[in-house]
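One structure, as C-alpha cells, below. Some questions next.
Letters A, B, C and D name the chains as they come in the text, with residue numbers starting at 1 for each one.
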Amino acid sequence: MSNSIGQLFRVTSFGESHGHSMSVVVDGCPPGIPLSSADMKSDLERRKAGTTQGSTTRLETDEVEILSGIFQGRTTGAPLTLMVCNHDSDSLHYNKKFAVPRPGHADYTAWVKYGGYNDYRGGGRFSGRITVGFVLAGTIAQKVLALVGVDILAHIVQIGPIHAATRFTSQSDMPRLLERCRQNPLYCADSEACTHMLALLEEIKNKGESVGGAIEGIATNLPVGLGEPVFDTVEGNLAKALFAIPAVKAVEFGAGFGAAGQTGSQHNDAFTMQNGHITTSSNHAGGILGGLTNGMPIVLHVAIKPTPSISKPQNSVDMVSKEPVVLTVEGRHDICIVPRAVVVVEAMMVITLCDFALLAGVIKPMRPQ
Amino acid sequence: MSNSIGQLFRVTSFGESHGHSMSVVVDGCPPGIPLSSADMKSDLERRKAGTTQGSTTRLETDEVEILSGIFQGRTTGAPLTLMVCNHDSDSLHYNKKFAVPRPGHADYTAWVKYGGYNDYRGGGRFSGRITVGFVLAGTIAQKVLALVGVDILAHIVQIGPIHAATRFTSQSDMPRLLERCRQNPLYCADSEACTHMLALLEEIKNKGESVGGAIEGIATNLPVGLGEPVFDTVEGNLAKALFAIPAVKAVEFGAGFGAAGQTGSQHNDAFTMQNGHITTSSNHAGGILGGLTNGMPIVLHVAIKPTPSISKPQNSVDMVSKEPVVLTVEGRHDICIVPRAVVVVEAMMVITLCDFALLAGVIKPMRPQ
Amino acid sequence: MSNSIGQLFRVTSFGESHGHSMSVVVDGCPPGIPLSSADMKSDLERRKAGTTQGSTTRLETDEVEILSGIFQGRTTGAPLTLMVCNHDSDSLHYNKKFAVPRPGHADYTAWVKYGGYNDYRGGGRFSGRITVGFVLAGTIAQKVLALVGVDILAHIVQIGPIHAATRFTSQSDMPRLLERCRQNPLYCADSEACTHMLALLEEIKNKGESVGGAIEGIATNLPVGLGEPVFDTVEGNLAKALFAIPAVKAVEFGAGFGAAGQTGSQHNDAFTMQNGHITTSSNHAGGILGGLTNGMPIVLHVAIKPTPSISKPQNSVDMVSKEPVVLTVEGRHDICIVPRAVVVVEAMMVITLCDFALLAGVIKPMRPQ
Amino acid sequence: MSNSIGQLFRVTSFGESHGHSMSVVVDGCPPGIPLSSADMKSDLERRKAGTTQGSTTRLETDEVEILSGIFQGRTTGAPLTLMVCNHDSDSLHYNKKFAVPRPGHADYTAWVKYGGYNDYRGGGRFSGRITVGFVLAGTIAQKVLALVGVDILAHIVQIGPIHAATRFTSQSDMPRLLERCRQNPLYCADSEACTHMLALLEEIKNKGESVGGAIEGIATNLPVGLGEPVFDTVEGNLAKALFAIPAVKAVEFGAGFGAAGQTGSQHNDAFTMQNGHITTSSNHAGGILGGLTNGMPIVLHVAIKPTPSISKPQNSVDMVSKEPVVLTVEGRHDICIVPRAVVVVEAMMVITLCDFALLAGVIKPMRPQ
C-alpha cells in the first residue's frame, strides 16, 4: 500500500520486474472511448530500452494485452487492465548477492520494510520497469483528456552538465518544439546540445558510470480552475505523481527554485486580455495560481538522478553478516534513464490532469461526452 | 474538495482568512497523549505576523481553542478540533475591487472555479492564514512522532539573492543548527547571511516590493522503511503536503536538482556500518531510497515565491468588464513570507511522517504505545 | 478514524455528547447555494429531545453556528462547518461509574479500543447526540439534491410489536404520506397505529424500560444510473451510512428479507413504458438494480434496537476490578429513540445520494448548475 | 468507479463474465505469508457451478493464476493479483437481444449509466461470476486473519419458504456447525430442512422458476475493539461489502429486525466474567457494540433474492424502440444462487475484518508478525 493513485481516474499498479508481467488497472475511465493495444505502441516504444543511447540491453517486446474494460473496441466504463508480460528477464546476476544492497537502490530499504520477503530480482517493484504500467495508464488518460483538447509534451533539458538552450516559451511554441524533439534520439529540442549529450553518454558508458539529467514537462490548452485546494493542489498532485517515477529527486513549477531569488514585480504575471479571454503576459507561475490552473501552460521540471547501477566497484555491507563488501554491479543497466523517462513524465502528468478534469466536472464520468 | 490530507493521520482544514476562524480537524491521533492549547503556543508564535521583519501588520492574538478530542488533558482517539478565531481582519481594502484579480494571487482562478461565489476577502481559503491550521495539526503530529523519537527542523537558506552558507550536514549537527537558528529573527543558521537578509528586507520594503526565498527541512531519527511505494512515496507525499503551503513552487530531496548533473559514483551513497547499524557514508539521497526512508536524515528544500501583494502598480483586468486596470494592492501584507513559513514547512513534514509511521505500524493507532 | 464519509460530498464529524459542541464539516458542496442556519431549524427540531413522547428530558437549544463556507448568504465551494454547542449536559451521573459498562452501550468496547482514554461522559462519541451533525449535513445535501428534484421521506413503521399498516406504495403517494406523517408526534403515517404506539410508550416508560422500532426511508425522482458498482453500490453505501446511526441493527431494500422467500416471477419487476419513459410495474427491487438506481423510488427499512439505557437493574462487571456489579442506569434517557431517528435516516440517505449524484456527474462540483 | 474496497487491505476487482478473465488485485497483504494457488482451490470449488443443485450448467475450470505479489512461495508485501480465465462463456444467447433488459437484472441500469457501451454479455461486470474474485481475495484475507486466530463460517438458513432450525448459538458451537454444513450439498446445518430444500429446488427447476434464500455468517475469536466509528462501523463496512454480492437485498446483525420488537431488558446483553475475561451472557448485539467488536461472535444474516433469470416469459421493453417485448431468458442460469453464495459471504466478511484488524494495529502491515 499504496499501489493506487488518483481519486476518480484511479490507477493501480501491479507486477514485478522479473515476475510474470507489469500491469496496471485503470478505474474511472469514461465509457465509449475507442481504444486498442495499438494505441499504446508508440508510447511504449519511446519508453523501451535499446532505442536510445545509454539504455540497458534487456530487450522486451512489450506486447500489450488488454484484459478487461473493452468491448467492441471501446471503453465500457469498467476497469481497464493492461498487461505487458516479461520475457527477457535475466535474474542470474541478482540471485547470488541478495544480501548485499546496491548503493542508491531500494535493495536495503525494501529488505527492511518487507522483512526480507520482497522480490528483489531486478529491483522487483522498485525497478524502472514499473513505469511500463504508468505509460499504459497515460495512454488512456491522454485519450480522455483529448476530449477537451489538452496537449502534453515532455523533453530533455539536461544530461549531466550539459543543458539544452531550447525551452518551452509559449503555447504557440508547442508544434515546433514537438517537431524538434522528434528529430533526435534523446527527445531534446536543442540539436546542438543533443550532439554533446550523445558524446557524453558514450564517454560515461566507457567509464562504467551513469549520469543524471532533467526533463521539462508542458501541458497546454487547459481549462481554468482545475485543482482541488487546499491539499489536492495541481502542484502537489503532479509532484506526488512524478515522484513515483524511480530516480526523480526534484520537481519545480514555473520559475521554481528561481522564484526564491525574485521580487514580486519580477515574478508576478500581469493579467491581460487576449482574444477576449483573460490571460497573463508572462508565465512565472507555470500555469498554476493558488493550486489551480489559470489557463496558461503548465510548465514543470523534474530532476532525475544518475542510474544507481554502475560497474565501478562500490562500498556496501552484507545485510545478514553485517560485513563490509565491495560490490560490482553486474547485469544489464541503463547508464542514463533520462531519455526513457521522457514519456513517463508525460504519462504521470496526463494521469494527474485527467483526474483533475473529472473532479472538476470538465469531463463527465458517465455516458459519452 | 479536497480539504483533507493523510490516510490514517488525517487533517481537515476549514475556515477563511476574514471569516469566523481558521481551524483544523485531526482524525487518527492515538489516544492517551497529553495535549493542551499551551502546547501550540510556541509554534503559533513563530508563524505569527509582526514577530519578524517584513511581515504584515495584521496582528492576530491566535488564541487556540480545542473544541473536541481532549478529555482530562489527553487525546481520546476521537477527532481533535483546533480553532483560532480571526479578530484583526480588515476587509475594507478587498471589498472595493473584487472584480480585479491581483497578479500572482488565486483571485482569478478561484473566481472561475467557484463561479464568483468564493469568499475573496483577504484571499479567503487561498490566504497564507490557512497555514495557522497546518501549524496546529503539526503540533499534534509532533507529539505523536515524539513517541518514536523523530526530530524535525526547518531553517531559512535563502532570501532573494542571499544564500546562507550553513546547511545541515549530519544528525549530530541538529542541536547546533537549532541553536543557531534560534539566535536570529529569521531562523537562519548563518548569522552573517542573516544580517544581509535583514538589510535586504528593509530595502525591499522601502521599494514597495516583496521577495522570495528558500527553506531547508530536516527530519532525523527516522526508522527505516517508512513510505508506501509505488505511489505514496516519502518524496511524493512530502512534496504534496509542502505544495499545500501557498507560495511554494519547488521541492527537492537530497541532492535534488543537483543530482541531474551528477554521475552514479558521485551520487550513490555507499553503505557502511556504524554502531552496529547499516547506514550510508554520504546522504545525496536525502534519507530516501525507493520512496522509503533509509534511516539517514531526510533533507529537503522548498522554494517560496515572493509575496504577490506589492504596492507597486501592476497590470490586471476587470473580470466582469474585461477592461484593463492598473492595480495598486493596498491592505497589510508580508513583504517576505519565508520567515513565517519555516514553522509551516516543519508542520507539513511532521504531519506527513506521522501518517507514514501509522501506516507502517511503527506507531499503533489503538491504545497507548 | 474514520470520522469522515463520502467521496466527493464528504462529511467529517467531530464533537462529544458532553463536550464543547457537536459539529460537522461538509467538504464538496457546490458553490452558489443559498444557505443559512435558519434552513436547519426544522430538521433539528424534529431530531430534538422533548418534542416527542419517550424522549430524554435533556433539553438542548440546538442553535446552529455556521463557522465557515458561507459568504453573502451562499455556499462558496469551501468546507462548510456547522456547530451546535452543548449546554444542558449533565455529566454527574456518568462520573461515578466510569468503570462499569452499561449493557448494550459502547462503554466497554470504547474503553478497550481507546485504552480507557475515551471521553465516556454521556457516551462521548457513541452518544445518539452525534446525529445532530448528521442532520446538519443532511440539510446541506438536501439543498444540493433539490437542484435535480430528488425528494426524501422517512416515517415510522414499527414501535415494539406494533406495526403501521401504511407503507409507501408509489411516487404519487409521497405528498399524502408526508401529510399523514406530519399529523402526529411520531411521524407515523398510520394514525390508528400511532395511537397504540403512544400508549405503548407510556407503558414502557412506567416500567423503566425502553423499546425498539423500524423506519421506512424513501427517495423519489432519482435519475437512473446513480451508484458506483461493484463496491460502491447504492445499497452498500446507503447501508454503511445508515449503520452509522447508533442503534441501527438491520437494513433492507425493496422486498428485503422477504425476497428470500420469493420466486423469480414473484420478485422480478417487469419493465414497462410510462409517459415515454422506461419504468417497472412493481418495485420489489426498491429502486435499485445491480447496485444502480433504476429510476423507481428507493424504498428501505431500518431496524432500531431499544435504547440500551433503562432504569431496571442489569448485570455488568467492573472493568478494573473484574467484579460483578448490578447496575441501575440513572441520568436522562430516551425510552424510544425511533421518533427522533426519523430525520436522521433521511439525513444519511440524502448525504449518500448527494455523493452519488456528484460522482455520476448529475450535479457538477464546480460553478453554479 | 469504484471497483476497489478497503483502506489498508484493499481489493480491486476487474474482469467481465464473458471477457478474458475474472481477477482481483489485493494490496496491503503483509509480507511473509505462505500462499499458492492451491490454497484457493477448495473455496473456489465451493463457489463453483454444477457442484450444487440448482446451479447453472456453465462449467468453468476456475484455474487460478497468481500474477504478482508472490516470491519463493510467500507474499512479498507487493500487490497480489489473482486471475481466473473464462473458458466456457457462451455469449450467443446474449447477443441477439441486447436491447431488451431482463427484469431483475442490471441490464437496463448499466445500459443507461454507461451510455450503452457496457459489456452486456453474461451480465458483464454485473454477473454473479464477479464473485470469483471476491472469493480469491477472501482466501488471502483468511490467511492474514488466521495470524490472530479469527474463524469465519457461513451457512444456509433459508431457501424460499423453508427455514433451517439450526442456527449458531455460541463459539463452542462452531466445530459442530461446520461439520453439519459439510455433510450436505447445500451447506445447511439442518439436515432435515436440507432435504426439503433439495426437493423444493427440483420443483422450482421444473417450473422454469428461481428462488431466493438467506445465509447466516459468523465470525469468532475476534479481538475487542475492531471498527472505526463513527462512519466505518463494523456493521456498516460489513454491510457495504456484503451488498457488493449481486442479489443481496438485506443485512442484519444479531437480533437484527427482531430488535425492533424488543424491549431494552430483552435486548441488552448483560456483561459477565468468563475465564477471567469480560464477555456477555447473551449475544443480541451480534458481537458489535457502538460499531466496535465486543469479543463475542459476529452473527449476521443476509437475504438473497431469487435469481432474476427464469425461463418463464416476462414483460420487458426494447430500450431502443421503446416497444413492449415478452422476454424468455435463454442461456444457462442458476435457479438458486444461495448455495454458491455461502462462500462469497464468508469472503466478504473476512476481507472486511482483515482491513479492520490492520486499521486497529492488531495485525502489523510491515514485516512478519
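One rule holds in what follows: contacts are C-beta pairs under 8 Å (C-beta built on N, C-alpha and C of every residue); 3 or more make two chains touch, one makes a residue touch a chain.
As the structure is a prediction and not an experimental result, all values here were calculated from the model.
When chain centres are set by their Cα atoms, the one at the greatest distance from chain D is B.
By residue number, the contact pairs of B-C overlap by more than half with those of exactly one pair in C-D, A-B or A-D, and this pair is A-D. Mean C-alpha position of chain C lies 26 Å from that of chain D. Our note on geometry: chain A versus chain D, Cα centroid distance of 39 Å, whole angstroms. Each chain gets a centre from the mean of its Cα atoms; for chain A and chain C, those two points are 46 Å apart.
Within chain C, the positions touching two or more other chains are listed as 1-4, 7-8, 13, 113, 125, 225, 359-360, 365-366.
By the touch criterion stated above, chain B contacts chain A in their complex at residues 1-5, 7, 11, 13, 101, 103-106, 108-110, 112-113, 125-126, 130, 158, 160-161, 204, 207, 209-214, 224-225, 227-233, 235-237, 239-244, 246, 248-273, 276, 278, 280-281, 284-286, 289-294, 301, 303-310, 312, 314-317, 319, 322, 324, 359-360. Residues 1-4, 8, 10, 12-16, 19-21, 23, 25, 27-28, 31-32, 65, 67-69, 71, 74-81, 83, 113-115, 117-119, 121, 124-125, 365-368 of chain B are the ones that touch chain C when the two sit in their complex. Contacts from chain B toward chain D in the complex involve residues 7-8, 225, 359-362, 364-366.
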